[in-house]
Every structure is written in structure tokens, then in C-alpha cells.
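If you scroll down you'll find the structure; I have some questions about it.
Chain lettering (A, B and C) follows the sequence in which the chains are written, and residue indices restart at 1 in each chain.
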Amino acid sequence: MKKTMSEQIKISIKNLNFFYNNKEVIKALNLDIRENEILSVFGPANSGTTTLLRALNRMTDLTPGARMEGEILLDGKNIRSPDINISELRRKVSMVFEVPTPLPMSIFDNVAYGPRLSGVKNRVLLEHTVEESLQMAVLWDEVKDRLHNSAMRLSGGQQQRLCLARILALHPEVILLDRPCSGLDPVSTSKIEESLRHLKEKFTIVIVPHNVQQAGRVSDRAAFLLMGDLVEVGLTAEVFANPKDKRTSDYITGRFG
Amino acid sequence: MKMKNFGERIPQSLFFIIALSALTVLALITIFIFIEGVPLIVKVGFFKFIFGMKWAPSQGFYGIFPMIVGTVSVTLGAIILGVPVALCCAIFLAEFAPRWLSDIVRPAIQLLAGIPSVVYGFWGLIFIVPLIRNYLGGPGLSILAGSIILAIMILPTVISISEVSLLSLSPLLKEGAFALGATHWQTIRSVLVPAAKSGILASIILGVGRAVGETMAVIMVLGNAVALPNSILSPVRTLTTNIGIEMGYASGEHQQALFATGIVLLVIIMILNSLAQYSIRRK
Amino acid sequence: MGIRVNPRTTQRIAKAVIWSAAVLVLLLLFTIIIYILSKGIPHITWQFLTEIPSDMGKSGGILSAIVGTLAVTIVAIVVATPLGVGTAFYLTEYTRESGVTKIIRFSAESLAGIPSIVYGLFGFIFFVTYLKLGWSILSGGLTLAVMILPTIIRTSEEAIRTVPPMYREVSFSLGGTKWQTMTKVLIPSALPGISTGIILGIGRCVAETAAIILTAGSALQMPTSLFSPARTLAVHFYILASEGISLDNAYATAAILIILILLINIGANLLINRFVAKRR
């Protein structure tokens, strides 16, 4: 039985204006992200999709010249309030990047990196966490016999699933994925999409798909961003079948790209 | 939760303080050397100090001009002897050497750079000085001996930077020249070397800086006469060897005069460094 | 301009000149090394290495000089490495050059060009006199630390810059702080490059003479603490050679110096190759 989407709002974005060096890249964005849903944020290049994702866990703090107005609330709390610990925020709201980037260490150490950063030292606990995370990322069976080999030797698809396992080891609440399957073969892509469908039972997932079809395959709701404007958002099936805005249907049908 | 952010701020300021160490050291060096040396320059008079021909601390004469001439002549000799060889080697490494050979030659040049300057000086004393004495005359301890040693010592500096300059040129330059029918050598001479001019010039300037600052390599072969040389076979003292020889027993005013010499060296090096930076930036 | 020379001929001549220049340089290197080694190694005995000098160095060994060299080098490395690597980390944290980074870089580059005798003067007036450390291993080591600081900064910065920037992003995105990112990801990745800088610094310490004489003195006895004056191998060699005390011992000391430098250079090159290989 398909689990119904919860009505609980996990992340609430209110009136977000985002600037890079005073150039506005996101305009007056209002969006609610519901708990345990998979929301895809899609749109053509330079529409602010990646920026929006990175703002959700304040990775944008690392970019010089980035400036934000408005509020982003996680469980009702503003993520930019001064008593928020950024490290903890990034563990709660974790990100998988476009290019698989294993750290230059063993598979085990890669997955254990996050927990170790937050102070977990117990070997048994780490081993348990590593196995659990690799299982959830559908990678355990392929690597369980070579956990201490270098992660650099994995294939592209395996490395990306490793990156997924890496953040799962942090027991996050929200998972952000920025075009996680670009450059991957269709088998790896479907493995990752499959794992996402299982993961949404425990986590809230926001994904920037690398094409419109992926949004259609994977997400419950979809939000269309065009040049910084949120054009429309709704159930994926509805947005694709009956888009309310002409621009949405033009983009989906490939009239522009 | 609050502790974590605080813990992040400590390393931040710690690193800033650490990073200031280079600046602090530079400031300290400048300050302390100037404090020791400036009073003497003021006392003797700037022009009397720099252009004075007589250096006789026991009688109160502190003219460093003979040493300036010594430094200039030895350095000039080093450049004349060393730069052509260094340039040829740089061209060799960049253009002619097959991979296996450059993998041998490059570490060899690094090794040349690592040999202690005292060893060079000693070797010069044993080898070069007698050669000069027997075949060219004079005491052998001479400007020429110093120049030869210094020429060898600046080879690594000039070679490595010139080679990098040549290698960083766009391959399109070479292709363009070949397409016009130029031979390899013509391309090197008329296209590549001029294009790498600013880097090569910088390397030469840095080589000059190295030669000016060298002490131990030349202290054993220069003869250390405090007088104006009249030929390249004459013995001579440089600014650096003057300090090196007399610092061991100098005190009071004499010591201050040596620090004042140090100021002169610092200023020369600063000027040379700025020239080298300027040359690179003009690219 | 009369005769027109065939460009091929010019090229042949030019090639010959260039090749001979390279050969000349190699020849010089071999001559110096082999000469010193051949004259020096015969005089290196176990006694020589383990006894302290006596009779101004005419007899006995060089143990105190070996200890002196080790001591000042260790002091220099221990002081200069954290400062140098820390500065490099600070410089690489900023993607854009700010006023502060420009000043720091200018300082490091200026320090690199200062003659060693001037460092000796500084060490004498600052460490020996002003800070009242006297002629000692500490004075010598601290002066050396200042001398090798620019090298360590330069090589460490280069090493850290070649670490893929994504590693930083990944570490931050997993909740790492700047300190954790540096210690757990950046430094381990940059370690071969940083080590190369440290080894080159060691080479400089072993070879330095002028600055040491003015700061660590030239006492023959075995140093007993950081505050004792001491001689290094290079200083010992200089004194033996320039004052004509013992030619044999001079050659032997020089041979040991050359062997040390050879080992250090080989070590550095091995590390550099590992560095390059790791980046594939």
C-alpha cells in the first residue's frame, strides 16, 4: 500500500530572495516541503535550482558574494538564527553532490567519516552504522567483502551510492540531491532511484533531477523553477499531465530547454 | 550546541595569528638590523659610508665602497659566466632532452642546489684557485675565482625558473613558427625565448640576488683584501664576506658598521625582489 | 652581412653548444661530488663518527658536530612546520586575494631572498643578545626556523591547493568544521607535498653555515642542553678547512655532508614522485 504523504511541513521557505554579488537569482520564493515526501525542483539551467538546494543547508555560506533575504524554517526554526550550529544543520539536512566525490580513504572510512566528525568513536557502533547505511544505499552487497579497499576504485555509480551511504550514516532528516545521476549509466541510475523510493519512508527528500523524466519517475511533488521564479508546484502527476502555467507545459514538452 | 560554534572561532583566530608570523618575522628583522645599523650611518654620514674608500675600523674609517665594488664585480662575473650556460641548460631541458634524460638532469640540478656553500668554497680553493694562479697569474684568490664559484651556484635558480617559463608557453607559438618553415633552433631563438623573456629575466634577477647574498662560498676564494681591485685577478672583499670575516671579533661601533652593511644588503635584495616581481607581472 | 649561413648549420652548432652546456653542468656536479667523496670517505671511520673532536679538531671525531646539527635542525623544524603549514592553510582558505593575504605573501617572498649572513646578524642581535638566549642551540635553531619558514609556506600552500576543492565541500556538507576539514582531509591529502617542503628545509639547515656561526657559536664540546653552544657539521668543516687544521678531517666532514644532502634529496624526490603518482 502506498504510504500517503504526511501533511506535516518539514521545511518552510518564506519570501526567499537570493543574490550572488547583487545579481538576483531567486525571486520571492515561497515553498513548503512536506515530511516524508520526495519533492523535485526542476527547471532549465541557471534557474536557481542548485542555489535553492544549497541554501537549505547553508552550503551557500561558503560561496563568497552570496546573500539571502527571507526565511527558511526547518521544523519551524529559522536556519539562519545565530544559535543554530551549522555543523549540526548540515548533518540534519545532508547533501549528495552532482559529481561523486569519494574522499581519498577506504570505503569504510568514507562512510564512517561523518559519524566520526560528530564524535562517534565506538568501533562496534561505527561498523553497525556503516553496514546499515550501505544497505540503505543499495551498495552493501557489492562492497561488503572489500570495505577497507580504497573508495577511489569503485565505479561511478558505486561511488555515487557511496556518497548516499555517507550521508545516511549521519541519520539525517532531510536528504538533498543535486542531479545525483548525471553521468551515470541507466542501471546505476535506476538503483539510486529505487533506493530513494525506500528512503522516503524515513526521510524527507528534495531532488534536483537532471532531466524532466527523472522528476516524473521519482518524485511525489514537483516544483518548476524558471529563472528564479517558482512558476508552479503540485503533485507530480498533475503538474505533468495538467500544468497550470503555459511555461511549465512548454518546458516539459521540450519547447525550450 | 553553542560550544561547537565557539570552538570553531578559536581555530579561526589562531590561524590568523599564525599566518602573521611571516610578517612579524620580516618586521623584526628589518627593525632590529636598522636599529643597530642606522646610528652608525648617521654618525659617519650616508655618502661617506657608501662611497668612502677606506675601511679601517680600528682607526674609525667606515667606507664600504671597496666592498661594493667587490660585490658588483664578483656578481657581474657570475652573471656573465653563468647565465649563458644556465639558459642553454633550460633550453636543453625544455626543448631537446628526451624524457629519460631530463628525469636525470633535473634532480642533478636540484642536487647542485643542495650542496652546502662551504663545500663549494672549499672545492674552489682546492681546484679553481691553483688553476688561476698557475695559468693566469696573480694570487689565484681573486674576483675570477669568486665569479666562477658563484656562476655554478646560481645555475639551479636560473635554470629552473627559465625552464618553467619556457614550458609554460602556449604550444601554439611553436606550431605557428614551424608552420612558417622555421627550424627548431630558429623557433627557439626568435620566438620561444623572446616570449619567455619576462620569466627568464626574473630568473636572472633572482640569480643576482643569490650571488649578492652568498658568503661562505666566496669567503675562501676571494683573498679578502680590503682594497679596490684593479683586475679580475685581484683579491677583493664583498659586502657579505666583510661581515662574515669581521663579525667574529667586532664590537661597539665596528659591530654597528657591520649591521649597517647588512642594511645595505637588505635594501639591495628588496630592490632586486621588486624588480623580479615587476618583471613577472609585466607578462 | 656577407655570407649567408645555412640555417641547418646554425641549428647544428646551436644544438652542439646547448648539449655541451648540459654536459658541462653534469660534469661539474660529478667532479665536485666524486672529488670530495673520494678524498673524504677513506677517512671516515667508526671512531670518527662516534668520538668528539679533540685538539681543535685535528684528532678525534665529530660526534659533537653531529649532535649539534641534529639539535638545531630539530628545533628549526619543530618551530617552522606548524607556523608554515598553518600559514599555508590560512592562505588557501580564501579564493580571492585580500589585502591580508597579499601582505603575508609579500612577507614570505621577501624572507626567501634575504642573505643568510643577514639572518645571522638578526639571530645574533635578536636571539643571542636581545632575548638573552646566548650562543646556543636554541638561538641557532630559531634562526634556522626563520630561514626555512618561506620554503615550508610555499611548498605547503602548493600542496594544499592541489587537493580537489570538492573534498572541502564534501567535508563541510557532512558537518565538518574548518579545523576538522583541515586535519582530517586536507593535510592528509597534502602530506607528501608538505613533507617535501620539510625535507628541503632540513637540507637547508644541514647546509647552513654563516647564520649558525653567529648564533650557535662554534664550541667544540658536546652540547648538554638547548642553551649550550654547539657546532654543526657545516661549521666544523668550515673551520677545519679555512684554518687549515686538518685537511683529512675536513674532507671527511665534507663527505659526510655530501652524503647527507644526497640522502635528503633522494628522499624528497621519492616523495615528489609519490605525490604526482597519487594525483594520477
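The rule is short, and it goes like this: contacts are C-beta pairs under 8 Å (C-beta built on N, C-alpha and C of every residue); 3 or more make two chains touch, one makes a residue touch a chain.
Just so it is clear, the model here is predicted, and its values are computed rather than measured.
Student: Going by the average position of its CA atoms, which chain sits the greatest distance from chain B?
Tutor: Relative to chain B, the chain with the farthest C-alpha centre is A.
Student: Could you tell me which chain's Cα centre is nearest to the average position of every protein Cα atom shown?
Tutor: That would be chain C.
Student: Counting only Cα atoms for the centres, state how far chain B is from chain C in Å.
Tutor: 17
Student: How big is the gap, in whole Å, between where the Cα atoms of chain A centre and where those of chain C centre?
Tutor: About 49 Å separates the centre of chain A from that of chain C.
Student: Find the geometric centre of each of chain A and chain B from their Cα atoms only, then give the gap between the two centres in Å, rounded to an integer.
Tutor: 56
Student: Show the residues in chain B shared as contacts by 2 or more other chains, in ascending order.
Tutor: 4, 8
Student: Give the residues of chain A touching no fewer than two other chains, as numbers and ranges.
Tutor: In chain A, 87-88 touch at least two other chains.
Student: Could you say which residues in chain C touch two or more other chains, in rising order?
Tutor: 177
Student: Which bits of chain C are touching chain A when the two form their complex?
Tutor: Checking each residue of chain C against chain A gives 95-96, 164, 166-167, 169-177, 180, 184-185, 188-189, 278.
Student: Using the touch rule from the top, collect the residues of chain A that touch chain C in their complex.
Tutor: 57, 59, 62, 64, 87-88, 90-91, 94-95, 97, 99, 101, 103-104, 113-114, 116-118, 163, 166-167, 170
Student: Given the complex with chain B, which residues does chain C contribute to the contact?
Tutor: Within the complex, chain C touches chain B at residues 7-8, 10-11, 14-15, 17-19, 21-22, 24-26, 28-29, 32-33, 35-36, 82-83, 86-87, 89-91, 93, 100, 103-104, 107-111, 113-122, 124-126, 130, 146, 149-150, 153, 177-179, 203, 206-210, 213-214, 234, 237-238, 241-242, 250, 254, 257-258, 261-262, 264-265, 268-269.
Student: Report the residues of chain B in contact with chain C in the complex, numbered from low to high.
Tutor: So the residues of chain B in touch with chain C come to 4, 7-8, 11-12, 14-16, 18-23, 25-26, 28-29, 32-33, 36, 84-85, 88-89, 91-93, 96-97, 105, 107-112, 114-120, 122-123, 125-127, 152, 155, 159, 183-186, 188-189, 206, 209, 212-216, 219-220, 240, 243-244, 247-248, 258-259, 262, 265-266, 269-270, 272-273, 277.
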